[in-house]
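The two complexes that follow have chain A in common; it is paired with chain B in the first and with chain C in the second.
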Partner chain A sequence: MKGYYLKKVLSSLFVLFIIISLNFFLPRMIFSDPAQPYYAGVPEDAIALREQIREEHGFNDPLVVQYFDYLVRILTLDFGESHYYKDSVWKVMFSRIPWSMVLTVSSMVISVIIGIIFGAVAGKKRDQAADKILLGLSGITTAIPSFWLALVSVMLFAFTYQIFPYRGAMTAGYTLSMNGTLFFIVLVAVLAVFVALKYILKKTIFIFAGIPISLAAALLVSVPFADIMDVAYHAALPVMISVFSGSISYALLVRNSMIAVTNEDYILTARAKGLPPRVVLYRHTFRNALLPLITNVGMSMAGLMGGSVLMEKIFSWPGMGQLLLDACNNGDYLLSQAILLLFAVITVVCNFITDLVYHKFDPRVKEV
Partner chain B sequence: MKNIKTRIFAAARKIGRFLLSVLKNRKGRLGVILVGIVVLAAIFGPMLTPYALDDYDIANGLAKPSAEHLLGTDKNGIDILTQILYGARISLIIGITTGLCVTLLGATLGIVSAYFGKVSAAVILNVINVLLVIPTTPLMMIMSNLSSSYLMMIAIFTLIGWCGTARMVRAQVLSIMNMNYIRAAELAGGSKNYIMFRHIMPSVSHLLIMNTALSCAGFMIAEAGLSFIGLGDPSVMSWGKILVAAQESAFTSGLWAWVLAPGVAIFITVFGFMQIGYALEEILNPKMRRKKDNRHKGATPYEAANAVFAEMTEMTADEAKALKAEFEAGGKRT
Partner chain C sequence: MNVLNIQNLKVLFRAGEGFVRAVEGVTITVGEGERVAIVGESGCGKSVTSLACMRLLNTPPAYITADALTFVSKDGKTHDLLSKTETEMLALRAEEMAMIFQDPSTFLNPVMTIGEQLDEVFIYHMKMKKKEARRHSIEMMKKVGIPDPEMRAGQYPHELSGGLKQRILIAMATSLSPRLLIADEPTTALDVTIQAQILKLISERCEKEKMSLLMITHDLGVVREMADRVYVMYCGKIVEEGTVQEILENPKHPYTKALVDTVPGIDERVERFVQIPKSVPHPMHKPSGCYFSNRCSYCTELCKKKQPPLRDIGNGRTVRCYYDAEELWEK
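Right after this comes the complex of A and B.
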């Protein structure tokens, strides 16, 4: 088992190395002059000045030297400064991540809950009403682009009926006031309680319940209630649309794996030894059917910080997707490099954690 | 000569029968009709509409749907229906080409990684690992700075999209490879290439055909999304682009048709392709033909479990019953 994880870590590091190299070469392929962003305010004809800037930032060095410079900078976590925002890339990114997470985390938690319930009801028995409804809905939601659904609902609820706002994450002129230290203290304290509960009661579920609950508790304590309500009001429409398609895809996953598990021999054994159908359904079928959900949720964890570009664009939400889109349009490649790398690191880490968690829940899986 | 002729006829008859079976399938019929409408619109679109994409008529801009402009006009007075007809072309081109390219590349690499030695497998699997970790949309956004032509979009989609197909094909081939008939073919002295084309390809082909239809559908949605965030080809009309323009001005003027029509067009196309995909799966996948496992229907769980046990031990139910009777009689064998 140890060898397996060592192999996994090594291959993850290799993947990250490839992505860092890609990050280095892509801007040099895309821009005829990669030093372009550094010329802010320098006129076209000031060739000497431009040359000086190129020299200063090492763009005249051989490519190999530049590459090693870049590697060293990445390893020291120095991502440079965004040219468009005139601020450190770290700062710009971390001012956006929470906003993306407001949308993605809330819609994922709601869709997983709805998806599990709906999927379990539909997967209980094939070809009954709930099952048919789920299959029909899933055909429709995969064929309808969610951004179009968002557009239609904006037109309906924000223009024709003006129930929900659709621009930004807060009412114009408002800023979020948040007590950072209080947030952190409450987060750690509540999380510690859940971790302690996990070790006392020996139920892993506490860890999974603990993360969202402690986040919610910390937010409730550290942010004024009016601000929370304002953000929630603005987030309602995008979250509802993501939940609509997200919950159905999770439900379909649960339903399919419920049906697959029902055909397993151990379910037959459980029924044959005379367990009541309710117990077979919830203790044997349902619990085993949730296993594929772990992988799926783990995979989409990486997208939580990334946010959805389309939703953020439609609702002018100040999240990561929008930031990356702007960075690409402005040629602000130091920022887009850092975002791409951040996404990749999060994906690698999430995949690794998913593997560990999956192994914990399903000891049958040894090596792939 | 005659031999070739009869073979061609036989092949044609086979294809004809296959197409007929798609039309006989309920989902297949629906899919073929929907996709047919879109294909006809894409081919004959410009002939069906009296307007062109550059018919500026600003005085008549933001018009409501009327007899002249069935779906109204945009800010510059360009007919929306015309835009949608032209958009069908790019959507179909990108969807179908990418679907085919992804399936071809994925299938080839998937089979190669499963069947031709450890080195190729290691290389391909590592490439897949890297590609799966790279977040697709951000990479697409960065790469689209290279060139905004729609050919570039097809290239990027293919470059990123093949790994899913390859993984699926690889898994399928690996499971087939351990089957007895492949072993038998190997023992009988079939070469690797022969076995691959003669035995392995046919057993993954149903997966590939279905996958092509479904990935066409998926890439059409992706194309609409990308052109909606402004990464599409600026020189061609696309459904995503119509929606961007609609977001800017249709909302305030309440032009519902402008917002609804492109989405309905996307839905019809994608839904049609998906239905064809599902129909092909039903027709081609032998496992789907036998609809349900009816072996133990009507039996009590106890009897069913007994039957499964009998199958596992390769006993008939009667033998199992006899064994049980023996056991109950005190375990004495006669």
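Right after this comes the complex of A and C.
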């Protein structure tokens, strides 16, 4: 068991190293001169001055030296300063992450809940009304790209009918006031209660339930209600669009695996035991049918903080995706590097967590 | 008194535009404490017959009809299985009629511990609390000869060997000492050495709990060990019925004879294994006359034209063939 985790951790670290290295070399292939942004305001013919700037920022060093400098900086978590925002990369990123999470976490949670319920209802009885509706809808969501749907709904609901705002995360002129300390205290306190419950009642479910519940509680306490409503109002349209396609694809996954599991031999055993259909469905069929969903959700969890670049662009949402796009356009490569690295770390960490969680649900994985 | 009485059972499956006739008018009775075997090749409708008795076939696609399908429970009541609602059937399953399946590795839920799966029977039928149920489960595991049951109860199916898993399934099926135990090829997926142990265990359990046994198998060796009376089934019809001894030593139907002949004796050197030519016809393309006519070495024009009736030939034996065995074997 220990060996399994150790192997996972080591392989994750190796993957991270590869990503970090690519992160160094790839931008250097895209931007003709990484020093370009630093010349801002320096005339083209001031060659000596430019040379001096190059020297100062170490662009004249051999690539290998630059690479090792870069590795050292990564290891010390020093991402430097964004020359465009004139602020530390860390600060710029962390001002955006929560905004991305507002969109992605809420659409993911809603998608998964709707997906599970819809999928279970459709998969319970094949070829019934619910099943046919699901199959029809899945055809529609596959055929319509979500960015197109987003554009059309902005036109329809934000311009023609003006039900929803068309840009930004808050009404212009507003800023989110949040009591950071209170947020932190409530978060830790509620989480601690759930962890305690987990150890007292020995149910892992408390951990899974505790994370979203403590987050929600902390937010509710530390942010004024009016602000929450304002953000919710702005997030409604993009979230609905993500949920529309997301929930259908989760539902289809659950439905398909429900149908597959219903035909499994052990379901026959459960029925032959004289268990009520409800028990056969939830304890036996459903539990096995959720396994593929866990993998799927785990993989999309990686995109949570990254957010959806397209969605954020269309709705001018001040999130990470938008930030990455801007960083690339501005040649702000210290920032883009840091964002890409963050995405990579999140992906690797999420995959790792998925592995751990998965084997809670599927004991057979231990053998791997 | 018959515990299970099946009269003229027919099972159809909807398949695309048409129907597959999986079982065509089967009559089987299982007496109290009797051990009955249904023998036949794969695809003869043996399993479907047993699943129909437990009402475990999904309808649709299956359509079940019978002149009678009755079961007498422990309290002496006669139940008409076909008119029961699903809820009424729940109470009969496991408590009155239970089933053991073919492949223990696929018939146990992979994500639940052995203990949890055994507990369920007690929890949902006996309305026990978890702890009490577990105590009974462990007791059951001891009864079916599982070493260190406390440890095994916490394990998952993939951590157990095939033999142990089959023991678990037997424990599960017999934990409420049902009146009738249906065993659907319980040893097919096991090693030969384990097979004997499992068969012994099933007999022991049946004797101890006074259960009737309906054994479904294609293995005549198993039949000899486990049954008092035998039904030979072919293409959804009974072709011969009799006591074990009679059937194995004096088969009257060409199909039974062919089956008996295919069993190689261990003490004789066989040059070539005896085979029955061709294979069981597809249920949608059964021959027009006698279903066995296309594989029968004694087939006549009459056989190809018309389905022979089931003839009573005395001594509790019936056979579905136009000809007397003595005549046939002489040819």
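Rule of thumb we're sticking to: the second predicted complex is superposed on the first by the 366 of 368 C-alpha atoms of A that agree within 3 Å, B and C clash if a C-alpha of one lies under 4 Å from a C-alpha of the other, contacts with A are read in each partner's own complex, and residues count from 1 in each chain.
As a convention for this text, a residue touches a chain if its C-beta (ideal position, glycine included) is under 8 Å from a C-beta of that chain, and two chains touch if they have at least 3 such contacts.
This structure is a prediction, so every number in the text was calculated from the model and none was measured.
With chain A as the common reference for superposition, the partners chain B and chain C occupy clashing space.
Contact with chain B, but none with chain C, is seen for A:I18 once the two complexes are overlaid on the shared chain. Of the two partner chains, chain B and chain C are each touched by A:A272. Of the two partner chains placed around the shared chain by superposition, neither chain B nor chain C is touched by A:V42. In the superposed model, A:V188 makes contact with neither chain B nor chain C.
In the superposed model, A:L151 lies in contact with chain B only, and not with chain C.
In the superposition on chain A, A:E264 makes contact with chain C only, not with chain B. Of the two partner chains placed by the overlay, only chain C lies in contact with A:F361; chain B stays clear of it. The wider contact with chain A, measured as residues touched, comes from B rather than the other of chain B and chain C. Across the two superposed structures, the residue set of chain A contacted by chain B and also by chain C is 265, 268-269, 271-272. Contacts from chain A toward chain C in the complex involve residues 264-266, 268-277, 279, 283-284, 287-288, 291, 361-364, 367. Residues of chain B touching chain A in their complex: 126, 129-130, 133-135, 137-139, 141-146, 217, 221, 224-225, 228-230, 243, 246-247, 250-252, 254, 256, 259-260, 262-263, 266-267, 270-271, 274, 293, 301-302, 304-305, 308. Note for the complex: chain A touches chain B at residues 11, 14-15, 18-19, 22, 26, 29-31, 139-140, 142-145, 147-149, 151-152, 154-155, 158-160, 263, 265, 268-269, 271-272, 302-303, 306, 309-310, 313-314, 321, 324-325, 328-329, 331, 333, 336, 339-340, 343-344, 347-348, 351.
For chain C in complex with chain A, the touching residues are 54, 56, 86-87, 89-95, 98-99, 101, 103, 106-112, 120-121, 124-125, 156, 158, 169, 172-173.
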